[in-house]
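The two complexes that follow have subunit A in common; it is paired with subunit B in the first and with subunit C in the second.
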Partner chain A sequence: MTLHGHVPPEPDLVQLLTPEGTRVQHPDFPLEITDEEIKSLYRDLALVRRFDGEATALQRQGELGLWASCLGQEAAQVGAGRALRTQDMAFPTYREHGVAWCRDVDPVTLLGMFRGVSLGGWNPNENNFNLYTIVLGAQALHAVGYAMGVTRDGAVGTGEPDRDTAVLAFFGDGASSQGDVNEAFIWAAAGNLPVVFYCQNNQWAISEPVERQSRVPLFHRAAGFGFPGIRIDGNDVLACLAVSRVALDEARSGQGPTLIEAYTYRMGAHTTSDDPTRYRLSEELETWKHRDPIERVRAYLVRQAGVAQDFFDGIDAEAEELAVRIRAACRALPDPGPLSVFDNVFVDLPDELAEQREGYREYLSAFEGAGH
Partner chain B sequence: MPEPTNLTVAGALNAALRHRLEHDPKVLVMGMDVGKLGGVFRITDGLQKDFGEDRVIDSPLGESGIIGSAVGLAIRGYRPVCEIQFDGFVYPAFDQIVSQVAKIHNRSLGAVRMPITIRIPYGGGIGAVEHHSESPEAYFAHTAGLKVVTCSNPSDAYWMLRQAIDSDDPVVFFEPKRRYWSKGSLDTSAAQAPLPLHSAQVVRPGSDATIVAYGPMVATALQAAKAATEDGRDLEVIDLRSLSPIDTATVVDSVVRTGRLVVVHEASVTLGMGAEIAARVQEKAFYSLEAPVLRVGGFDTPYPPSRVEEEWLPDVDRILDAVDRTLAY
Partner chain C sequence: MAELKPFKLPDVGEGLTEADILRWDVKVGDPVAVNQVLVEVETAKAAVELPAPFAGVVHAIHFEEGATVDVGTPIITIRVGEGEVAETAPATGPTADGGDLVPSPPVDGGAAADRPASAAERPAASKAGRESVLVGYGVSGERGRRRRRVAREEAPSANDAFGVTPGAHAANAVLPTGRAVLAKPPVRKLAKTLGVDLSNIVATGPNGSISRLDVEEAAKSEAPRRGSGSAPTAGAETRIPIKGVRKHTAAAMVASAFTAPHVTEFVTLDVSEMMALRERIAARREFRAVKVSPLLFVARAVLWAAKRTPIINSTWDESAGEIVVKHYVNLGIAAATERGLIVPNIKNADSLSLLELAESIGALTDTARAGRTSPADMAGGTFTITNVGVFGVDTGTPILNPGEAGILAFGAVRRQPWVVGTGEDERIEPRWVTQLAVSFDHRSVDGQQGSEFLADVAAVLRDPGLALL
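Moving on, here comes the complex of A and B:
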């Protein structure tokens, strides 16, 4: 069974691990995975959550100007992130900390823009993880452009596992309304591009429920653009991994784009500046807590795989070490100097901007040694 | 093409695109109708036939899509040359140009380059319907991270477009659509361009007053200078060529000699290029000025219906009127 021959079953939500931690089989998306691999996914989920929580704490203590938490969306992100191959490229929004983790981007690097020491500050081609994009939707077009380049480079459909390349474009239920996302669908369909659109439907675009964005399930939209769409349990890391793998494989082999709707929930605020108590009921949050993406993996490992407490203690200890490291490294991030604002505006710095920089340098030097 | 050639602006632009496609495998031409049709102005005529559908790409209809996908191609290492069909159609791509193309090099701390050229036919005088005659250059010149240039003749069209495509910084390349069919000679076999991309050029030396113009208004300014000789006035005309960065030194040098400056463009005067040039000149040549800097441009109104555009657009008489006023001051 492939996605491109897939007829959505009832219910329209692929699930391989129930909220209670029971492994279930899906007829179309079998996943062969060892308990060791599931333990590794648990580690990813737990460390991402700890990092994310530490970043929220750092914001509360004034070390970050803002933080956009991925709390509740760890499985959606780790499942997709772990389905990527080295040569694949991911185009995130600003909330894909779990995908960054899977791409080996140091969490401290992500903090730079939220602390205000950079506007992004990493090389997208180093880990094949694009810069965070804040004006949402724009990145979906960047993904299809990148996929055009992949196609032109002959890196699709060769059958060579290390060469064939897919592009994974992230966005949410809110950004699915953006023109750029819809144009990206059109570009991808018209060019049969090797791109997987990965929509984390976390139910809320700041204060607006998903009903404000769509009268049909978001994955249904793909049909109108001419490619497959599917809804998965976004809190089930196994379903996210299995379906992402199939979609990415099909993209790499030249079958074209797919839309995956990872049905999940933003358990935290939109950002640390947001107050969700103004627009949603706490009962809703309580309902989703029962579908927690990490607890179900832990329940599986304990009850069905017989994993001992030592393992979880080890992960907890590692998480604490990570948090301590991140905290120290965040506080040690140096503030950029005033003249750094002129850096990297252009590859070839125009004379007039160089003059502006020199003028500012002279102005600043007038204060040197002047005391206060 | 070893011999100096006589080409139109359109032909020169086509030759420049052809040259870069031939010599740089990373160059791609993309936009609506750039393939078989050769673009609505035929600037890309014949290119798809010779370079293939995957290098001269007919995109779906969507300006944001054209520029946004060019960003992704640039991240992948390509050098896209995008065509926006008309000035007034660029705004759906404004976010991609201003927030992405202009900023990604900076956002990545220099790790990623955006060697994207965005070609935009601009300006009026062709009897068109709304949105086909505008001069939006100031929006882009105001944006850090973009370079903005415009050509006025076939030689500059050829060399400046080649230079723009070779630039590792993004360049918005404004083409004076009403001058597409103006002819001129150029030497396409020269080893390098006659001028750096961001230099202005004195296209007519003179001593009584300086006129700064660019794009479609250069020819009009030269006509005005010629007409002024009948009154015994010797006007210097500068083709600004680069709108960001601005070659301030060439303008200031001229004003130091002439003491008077008139800036001419089709765009509405308020917060236009003329305002910036006037500010720079008074900063750098205050004691050389014999009169206030004057601006001749479009009025602060929407671009008018075509039956009245000739009244709206700066012409020889309105330039000469400004010359009269600056000389009478």
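Moving on, here comes the complex of A and C:
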């Protein structure tokens, strides 16, 4: 069974771990995974949530200008993030803190942009994790462009596990209505590109519910572009991992693009500037609380894997340590120097710009206490 | 050593300037942990809970529930650490940057005695504090710590390149304004090219900076003066502080113009009969002491017409979701005074006789011109007449006095050619002609109602006998 032969029965969604923490099998997506691996996924989820919560608090304390919380979407992000291979490239929105975690981007670095002290902060080529993109859906085209490059590099379908490369493009239900995303679908299909479109349908495009944006389930849209689409339980980290792996494998092997709709829920506000109580009902939130992505993994580990309390206490302590480190490091993030505007645009600075930088340096040194 | 750390109200929503304190979850003396919820605040965007940025004991709470607080103002002070409080005062809130000061906020009575030094500084939350910047990034004192540029002989080339006059900052220290000239390098370059002295330019750009346009304007106004050989002087413009009646008027007009959708209608009419009646009444004994002006008859006509179209004398109550139709008329008369426009009103004008109405209008205008109009005289108006005719003007599009549904502009009464008679008898005669304009709040008053009201006013002025009906 492959994705490309799979026709999902409506309204099916792939689930491997129920909200109650029961492991279930899916005929099309078997997942070989050890309890140790599930424990490490639990650690990812718990630390990402703690980091995210700390960032929200820092915004409320005036340390960040804005924060887009990923509360409730941890499984959708960690599942996809852990399905990536080193050479794969991910293109995030501005909310993929869980994917950033999986790509070893230091959480403190993520805060830089939200604190207004950097325009990104990490080298996308080192982490194979592109910079956060604020423009809705624009990264879907960047991902497709990157996938074109991968194809031209001949890094698709060679059969070498460390060479074949897939591209993972993230976006949300709201961005799926954007022209950029639809153009990206067309290019990906036209070029049979090694890209997986990963839509976290968190039900709300700020205040616009998804049913007002699409008459069909979002994953059905893929059919119109000519590639497979599938809906997975976005709060089930195992389903996210399993289906992402299959889709990425198929991309690497040259079978072309896939659309994965991770059906999840934004438990918090769109960003810290938003008040969701103004447009959605608390009953809805309560319903989704029962589908929490972390609680079900914990329930599984306790009831089915017999993991002792010590393990969870250890994770809690580590989470607390992480929070303390982030809090202090956030406040200590340095302001960028004025000359940094010349960095990071050109690999080789053109002579004219080098001259301007020199002139600017001289100008700056003309101030008191410039230290020159 | 313990330290008193104030927590400043952050901008929790990208560009907000203030928030209301909804609920305090802690009180003075309570121990607090990091990220423990201290307070719930409501901004224009959202109600949010603010977590404690540091652990300690609540030392002082600076605002009561219900208070509106500017971003950047300390709202709570937390005592961090053990022992005596350190000698050095904690960093204060935003420092005054000039400009108008935020009024002193209410202080928690119990905490007033031992509140920190920073609390006393709080009224200094300046205009800068209203700017939409992050706490810790700009509103606070950092802004004032702008490094001064020093003239360095070895760096003239860079100055040339950036259009900067060496030593300009030092020269600015003795400017009458006492403020540094703010202008971007390209603007400085332009000024240099045009030979304009930046220190003599009135800045209209963002944050008090000199814009390209300012420089070009200054160059234009300086050019002829230079040509005639006279020394350029500052003062091509006069800056009038916006305050008092002007400020109030501006706020009222803006509020009215942008909440009530205005419709204005006009009518031109022959008021010769009204003018004749005015002469007969002015000649009467009991009217000897009062001014029998055309305005008196217009007022009377308005009161008569308002009875027939009561909706014109109503208020749009947005918060209650109701239109309040008044069964009395507090008739406002717009008056030009030295302090500016004021609109005192005659209470229950609809219950007055013509003589009483004349007396009231006289008293009202005398009081206004003397500058003795009380706030009570101006409160509670239900309909307004503005007598633009006294300026020799024909008509206008009046803006509603806030809270009212109608306003009538009364134009100049002039001798004008007018078609009279019908059929064989039709001819042009010189007559007393005027124009009326009525603006009404289209939320509550439909075009038909507004038109009927205006037609009624016109009809009774054209033929005062109709008032007998």
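Operating definition for what follows: the second predicted complex is superposed on the first by the 333 of 372 C-alpha atoms of A that agree within 3 Å, B and C clash if a C-alpha of one lies under 4 Å from a C-alpha of the other, contacts with A are read in each partner's own complex, and residues count from 1 in each chain.
The rule is simple: a contact is a pair of C-beta atoms (placed from the backbone, for glycine too) under 8 Å apart; a residue touches a chain by one contact, two chains touch by 3 or more.
Computed from a predicted model, the values in this text were never measured in an experiment.
Student: So in the superposed three-chain picture, is A:Ser365 touching just subunit B, just subunit C, both, or none of them (first/second/both/neither)?
Tutor: Second partner only, subunit C.
Student: So in the superposed three-chain picture, is A:Thr272 touching just subunit B, just subunit C, both, or none of them (first/second/both/neither)?
Tutor: Second partner only.
Student: Scan A:Arg327 for contacts with subunit B and subunit C and give back first, second, both or neither.
Tutor: The answer is second: A:Arg327 touches subunit C but not subunit B.
Student: I'd like to know which partner A:His142 touches here: subunit B for first, subunit C for second, both or neither.
Tutor: A:His142 contacts subunit B only, not subunit C.
Student: Kindly classify A:Glu63 by the partners it touches after superposition: subunit B alone (first), subunit C alone (second), both, or neither?
Tutor: A:Glu63 contacts subunit C only, not subunit B.
Student: Have a look at where A:Gly179 lands relative to subunit B and subunit C in the superposition and call it first, second, both or neither.
Tutor: A:Gly179 sits against subunit B, while subunit C stays out of touch.
Student: When the two structures are overlaid on chain A, which partner does A:Gly116 contact: first (subunit B), second (subunit C), both, or neither?
Tutor: Touch status of A:Gly116: second partner only.
Student: With both complexes superposed on chain A, which partner does A:Ala305 reach: first (subunit B), second (subunit C), both or neither?
Tutor: Neither subunit B nor subunit C is touched by A:Ala305.
Student: State whether subunit B or subunit C is in contact with more residues of subunit A in the superposed arrangement.
Tutor: Touching more residues of subunit A than the other partner does is B.
Student: Provide the residue numbers of subunit A that touch subunit B in the complex, in ascending order.
Tutor: Against subunit B, the touching part of subunit A is residues 91, 118-126, 130-131, 133, 135, 138, 140-153, 179-180, 183-184, 186-187, 190, 343-348, 350-353.
Student: Show me the residue ranges of subunit B that touch subunit A in the complex, using the header's touch definition.
Tutor: So the residues of subunit B in touch with subunit A come to 28, 54, 57, 59-60, 62, 64-65, 67-78, 92, 95-96, 99-100, 103-113, 144-145, 147, 167-169, 198, 244-246, 248.
Student: Looking at the complex, which residues from subunit C come into contact with subunit A?
Tutor: That would be residues 7-14, 34-35, 45-53, 134-137, 147-150, 152, 155, 157-159, 161-162, 164 of subunit C.
Student: Show which residues of subunit A lie in contact with subunit C when the two form their complex.
Tutor: That would be residues 54, 57, 59-63, 65-66, 116, 269, 272-275, 277-278, 327, 359, 362-363, 365-370 of subunit A.
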